[in-house]
Amino acid sequence: MKTSEVLIGALEYIRQFNGQIFVIKLGGEVASNDKVLGGIAQDITLLNWVGIHPVVLHGGGKGISDLMKKFGKEPQFIEGLRVTDEETIDIVKMILGKVNTEIVAAITCRGGNAVGLSGKSGRLFLAEKREKKGIDLGLVGDIKGIHPELIELLIHNNYIPIISPIGIQEDGTALNINADVAASELAIALKASKLMILTDVKGVLTKEGELIKRLTTSDVDRLIDTGVVREGMIPKLNSCINALHSGVQRAHMIKATEHGILEEIFTAKGTGTMLIPK
Amino acid sequence: MKTSEVLIGALEYIRQFNGQIFVIKLGGEVASNDKVLGGIAQDITLLNWVGIHPVVLHGGGKGISDLMKKFGKEPQFIEGLRVTDEETIDIVKMILGKVNTEIVAAITCRGGNAVGLSGKSGRLFLAEKREKKGIDLGLVGDIKGIHPELIELLIHNNYIPIISPIGIQEDGTALNINADVAASELAIALKASKLMILTDVKGVLTKEGELIKRLTTSDVDRLIDTGVVREGMIPKLNSCINALHSGVQRAHMIKATEHGILEEIFTAKGTGTMLIPK
Amino acid sequence: MKTSEVLIGALEYIRQFNGQIFVIKLGGEVASNDKVLGGIAQDITLLNWVGIHPVVLHGGGKGISDLMKKFGKEPQFIEGLRVTDEETIDIVKMILGKVNTEIVAAITCRGGNAVGLSGKSGRLFLAEKREKKGIDLGLVGDIKGIHPELIELLIHNNYIPIISPIGIQEDGTALNINADVAASELAIALKASKLMILTDVKGVLTKEGELIKRLTTSDVDRLIDTGVVREGMIPKLNSCINALHSGVQRAHMIKATEHGILEEIFTAKGTGTMLIPK
Amino acid sequence: MKTSEVLIGALEYIRQFNGQIFVIKLGGEVASNDKVLGGIAQDITLLNWVGIHPVVLHGGGKGISDLMKKFGKEPQFIEGLRVTDEETIDIVKMILGKVNTEIVAAITCRGGNAVGLSGKSGRLFLAEKREKKGIDLGLVGDIKGIHPELIELLIHNNYIPIISPIGIQEDGTALNINADVAASELAIALKASKLMILTDVKGVLTKEGELIKRLTTSDVDRLIDTGVVREGMIPKLNSCINALHSGVQRAHMIKATEHGILEEIFTAKGTGTMLIPK
Amino acid sequence: MKTSEVLIGALEYIRQFNGQIFVIKLGGEVASNDKVLGGIAQDITLLNWVGIHPVVLHGGGKGISDLMKKFGKEPQFIEGLRVTDEETIDIVKMILGKVNTEIVAAITCRGGNAVGLSGKSGRLFLAEKREKKGIDLGLVGDIKGIHPELIELLIHNNYIPIISPIGIQEDGTALNINADVAASELAIALKASKLMILTDVKGVLTKEGELIKRLTTSDVDRLIDTGVVREGMIPKLNSCINALHSGVQRAHMIKATEHGILEEIFTAKGTGTMLIPK
Amino acid sequence: MKTSEVLIGALEYIRQFNGQIFVIKLGGEVASNDKVLGGIAQDITLLNWVGIHPVVLHGGGKGISDLMKKFGKEPQFIEGLRVTDEETIDIVKMILGKVNTEIVAAITCRGGNAVGLSGKSGRLFLAEKREKKGIDLGLVGDIKGIHPELIELLIHNNYIPIISPIGIQEDGTALNINADVAASELAIALKASKLMILTDVKGVLTKEGELIKRLTTSDVDRLIDTGVVREGMIPKLNSCINALHSGVQRAHMIKATEHGILEEIFTAKGTGTMLIPK
């Protein structure tokens, strides 16, 4: 592409996105790849510099299970949800705290003004224990109310919030919350215009493994019904659909690469899959 | 250049230039080339969209002499300054008004919010008749005071001012002012960070006709002294030097082409000559 | 009248009109009478000084036809509308620009803070070509939308806008607009409380030539029906009625004299004809 | 004078005085003449309506001695200062309260937004007992500090303060303060541009009884030295001079008549004596 | 009570009452007891310091009848309302002015920022003569409209308004208004959260003379119906009920003692009777 | 003490402290005593409710060494500073994160609006590795610059920041910082009026074990010189002295008990030791 075309395109997107909020979900594993984390941190910092408000929500990833094993505990999942006893929630907090701190550091040393927070601060994620007939998952929670004021305050003062998905119950108890769900609910509460989920694949793929550039929410329903989408993708796609149904304008599934965020946002072609409301 | 590199570069410049004022001087002849005028109008509109405040000052160019001849008057110059009698100043006003209106139209239909003004409005260019021993140049003026408040009001409300170089004397008389000088003085009064002069050559050239990308004010003095710079360029370079000596950070001499402004501003390489204070 | 009575009356009107917008329409011919133009300029400046927001809209008058003839073109009218080809619109722009600049100068040298504009700036008069079955009037336009924000910005910062009736089509084309109609539409869009039309007669006259001091909109309809009003007056009266039907509180038809505006506004007796909604 | 001249003059003064503070001192006796009080109240209301901030300070006049006699007390003066015992200060408060309330009423029923206050409120006149060697004047005070914030708050919210000259000592004791002195000090503290003292004569007169229209502070010194000014006038003139020496631009001595204030302020000729700094 | 309990309780009330308006009605007689007035003044000052907006409305009490007798007039009451002729209203104004000034002084010398006003200022109590079939009460008024803007301005700038119950008729006439009624209406107009009436008894008492700590509006109706409440209390209770029916949250009847206000407000136990809406 | 005395005292302190910032340092061990933590959380919440801005800085305490042992690492100290390798800093982050989250929870469920942060966020504690001749302490840092803007933003929006003492080096590396030092430096940077250090003893004691209520900075120097103060106290006292020398008005050493903070702040007697500048 000619330089002037890239410039014209980028300037138009910058204008269009000015003052908008983008919620970006990072997996816990990005924190362990310095080069990728560095590129992502630079992209997020640049977004912030040109008038967009990025808000990062991250998971803990493999680190939680690793530390559990170190403590001699066997990770246990029921329907994809981690059984979380008192000791496990402490491990979750520790690992999320560590990932959080590494993302904050990466953005800070690239000039961004990052603020690390958990979802307990300012009652951000007010949660309650998930009820499951018969099975006790322990300290696993559903979001029952979001107080976005603290995040709004920070972004309107040009900080970049980095949030770990710990919720707080009315009585002060910490609860473990699914990170994709938290990102989706946060995007809705902040009236974000975009939800971006970074994963380890290029986006949504056809059966033949080809990238699908653009999908409507009803396309997605069909893809799920016909079994095209592989299993691990389904909850992430559902988080996207939830956001698109509640006012978020665009959701993106892209691979966590060095400058994937910038190219996805500022070029017409993009790098991953963009989802739009039907 | 890779797309992501262009993007990263552009975003960094956008951040750096945010909220800054750029005074852009156009010659009257751009108004007669629809394609070039269209590209320039788009560039100016895009600058404005990403948080830069462009202020355009234009000349009247060849149109003035053409119309004078139509009215049966012979254009007359003394030391490069047009002798301007009552009838001539009317012709100057008419042509400048027409050029102004065409630039306003080109920007407006590309989505920019242009406002056409002469230097009389809001006492912008307070002028007095130029004194020349022995020779009466007529209604030709020097700027003796600038009131930038009107322009500041407009740019802080996101309008793009398009200004013709007519000054006003205390008694209300209109005076013809040199456009390059007016652009330079305006840049100083507005505390602009850039003065860009668009001409019909690529920039400042060596004797061999090669473009010089970067010059300090003292380099320029030397080039003039050694006769490298061709004559028509000298007053323009002096306007640039004047601006750089009074706080303007960068001056640019570039060719009036379709997207030359964008490339000069948002890439490290640029397209013309950049002048910096010694 | 006793001085203290004049003072008390004037102070009460000043309070009543504080912060209100008055749209004043001047014919192009006032620009050619220095004494009258001077008096009017002083009145407008004084209005502005005591907290009223005058907005001036002017025509081009006889000057357009004069210049056309100079260029060897024969002015042509269809149902009172000037046939306006490409060359004619250039002449219209030139003459309006010249009249505009003279009003700006007259106000400026009396201490007012005038800003000269055409209706293209800030998309003030968004226009479209007038459709007339069978006859092509050329570049003559009807207002299809007004963007008063630029004018509001200027008056709230104490500038006096002087506006020429050129409209802009979506594609950037300039169109010639009737000045009385433009003044009326502008008064409505600005939520002006008064529309004042300055002409060459004392106001609306009876068949016997006596001035009528006060008329309702329904009185006017009757006067037109019974043929009392002379032909040239009818479009001006229709502009007044249009304004009064759309929220403007008072319309005035007065003669363009040295201090006619002040006496009409600040004394109970006035000098011309005041029109009020039925 | 022609109506248009009165208007032009008045409008120019209105502009010049816009936002300025005028301290107007009324004697207690105006409250007993309904017609004069009515005219003055209308003038003050009109001043306020056209953007001037009038602040009224009034005395108690003859009413105090009258009420003292009613209570069987003989008024006693030492060097023109009323000897003020406990009982007398109660009478002073009562009479000042009554005059205050009548001025408030007169302005209120003419549409002004009057607020009646004593100098105790908001610590306006912080006072201390006057020390006089040998003689105890009782509860008579000198101003030792002014807190103008309350008055500034009121006038910036378009109220008209009507103030009685009671001061407050640190310990809460009420002290009687000379009204002319209080008006002068208040004008200085408020950075008023005018101090107007209304009396029962036309202004400062020559020995032959002719009104002097204009005096500098040094003229006044000479008039006092040469015995031209009658005795009762001297403290009033000293209050004016004090004000003019401390930044007040103009002081006026005029007769308390129906519309004397308006004519003095808004015509070049005026009605009384204007004093200016040397 | 333990110190930490008192503190915790007080801090919670302070938070709860922050920014709220309390209308406090004082009888004229408090002004004659220095110790009680001093304690009340300190309490009111402290309320103001911790973010509550106290507004004081006072009566004139026995002083009016005393002064009338001094002037040889016999006080006369019809159905508890004072017959008020021209001379009497002057006496009322004088006594209210004196009480007002003493409350202002007591608060001022304890560091509060008191402002003394009558209900005429800023048209606070717009009143009309009370109509009573057959009997002329003279200058006695009912409130027909309240303009609370002046009081709101003062309290939002941290002044403590001290108000005497004089109303103003459209024509400027002063009218005597019942102080309990004025306090109640003022509390409603200011959207006060509390109305506190200070009297000479501990609160509402049972037939056995025991203090009732808490009453609903319907309890009060029953107490009046069954004759438990002694006669002088009834109009005060009706003022409370009126306020509670119109949005005031709590009304209090307490004895005027040194620090009764603080204990009533900042402890759960209180000192008098608290009334709440049914 | 009488209730009214406690109230008057408390209200005066509340006024005096309004809008001030108090930095409160908690040891990591308070997080393990639910009752004490609850009382402290309530006190901090109440401070915030009455207009004081509490800022909490906490340590990690014994938990760090405990977890190190769990991981099979032997804690090692050089001159009282923990040798901190890569693994240890991860443990420090985890424990501080856990303590932080528990304080946030305790305040949140008592109604306070707590926000948990580490000193990396918003570049709060910009640190550099401590240089020690010969001995490598590892990831232990000194504060070299504080950016208090984020904390100021939060407290001016009524949040209660809970901060863990992790600093950030320019290159993004996390460094362990001494909590007492961090509290002291933070108090200075925030222009706090108080620094309160909560410990496990009643305050500074005499050799006989009696509490000293009040000390000047020079008293403290003497106590240290004469060996009265026990060793563990010395660095804490030095932090206090540092703060007092740099503009903090009061430092307090008190025992971490249920409502010790409130009594220390709002009563004249207090509960611990208050330190004042010489």
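To keep things simple, chains are lettered A, B, C, D, E and F as they appear, and every chain counts its residues starting from 1.
We take it that a residue touches a chain if its C-beta (ideal position, glycine included) is under 8 Å from a C-beta of that chain, and two chains touch if they have at least 3 such contacts.
Since this is a predicted model, take the numbers as computed values, not measurements.
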Treat touching chains as neighbours: how many steps, at the fewest, connect chain C to chain F? 3
Which chains make contact with chain B and with chain F at once? A
What is the chain whose Cα centre is as far as it gets from that of chain F? C
For chain C versus chain E, what separation do you get between their C-alpha means, in angstrom? 60
What's the distance between the Cα centroids of chain A and chain F, rounded to whole Å? 34
How many angstrom lie between the CA centroids of chain E and chain F, rounded to a whole number? 48
Flag every residue of chain A that touches chain F in the complex, lowest number first. 70-71, 90, 93-94, 97-98, 101, 104-106, 108-109, 113-118, 120-123, 150, 153-154, 157, 159, 166, 168, 170-174
Residues of chain A defined as touching chain B within the complex: 1, 3-4, 6-8, 10-12, 14-15, 18, 42, 46, 49-51, 258-259, 262-263, 266-267
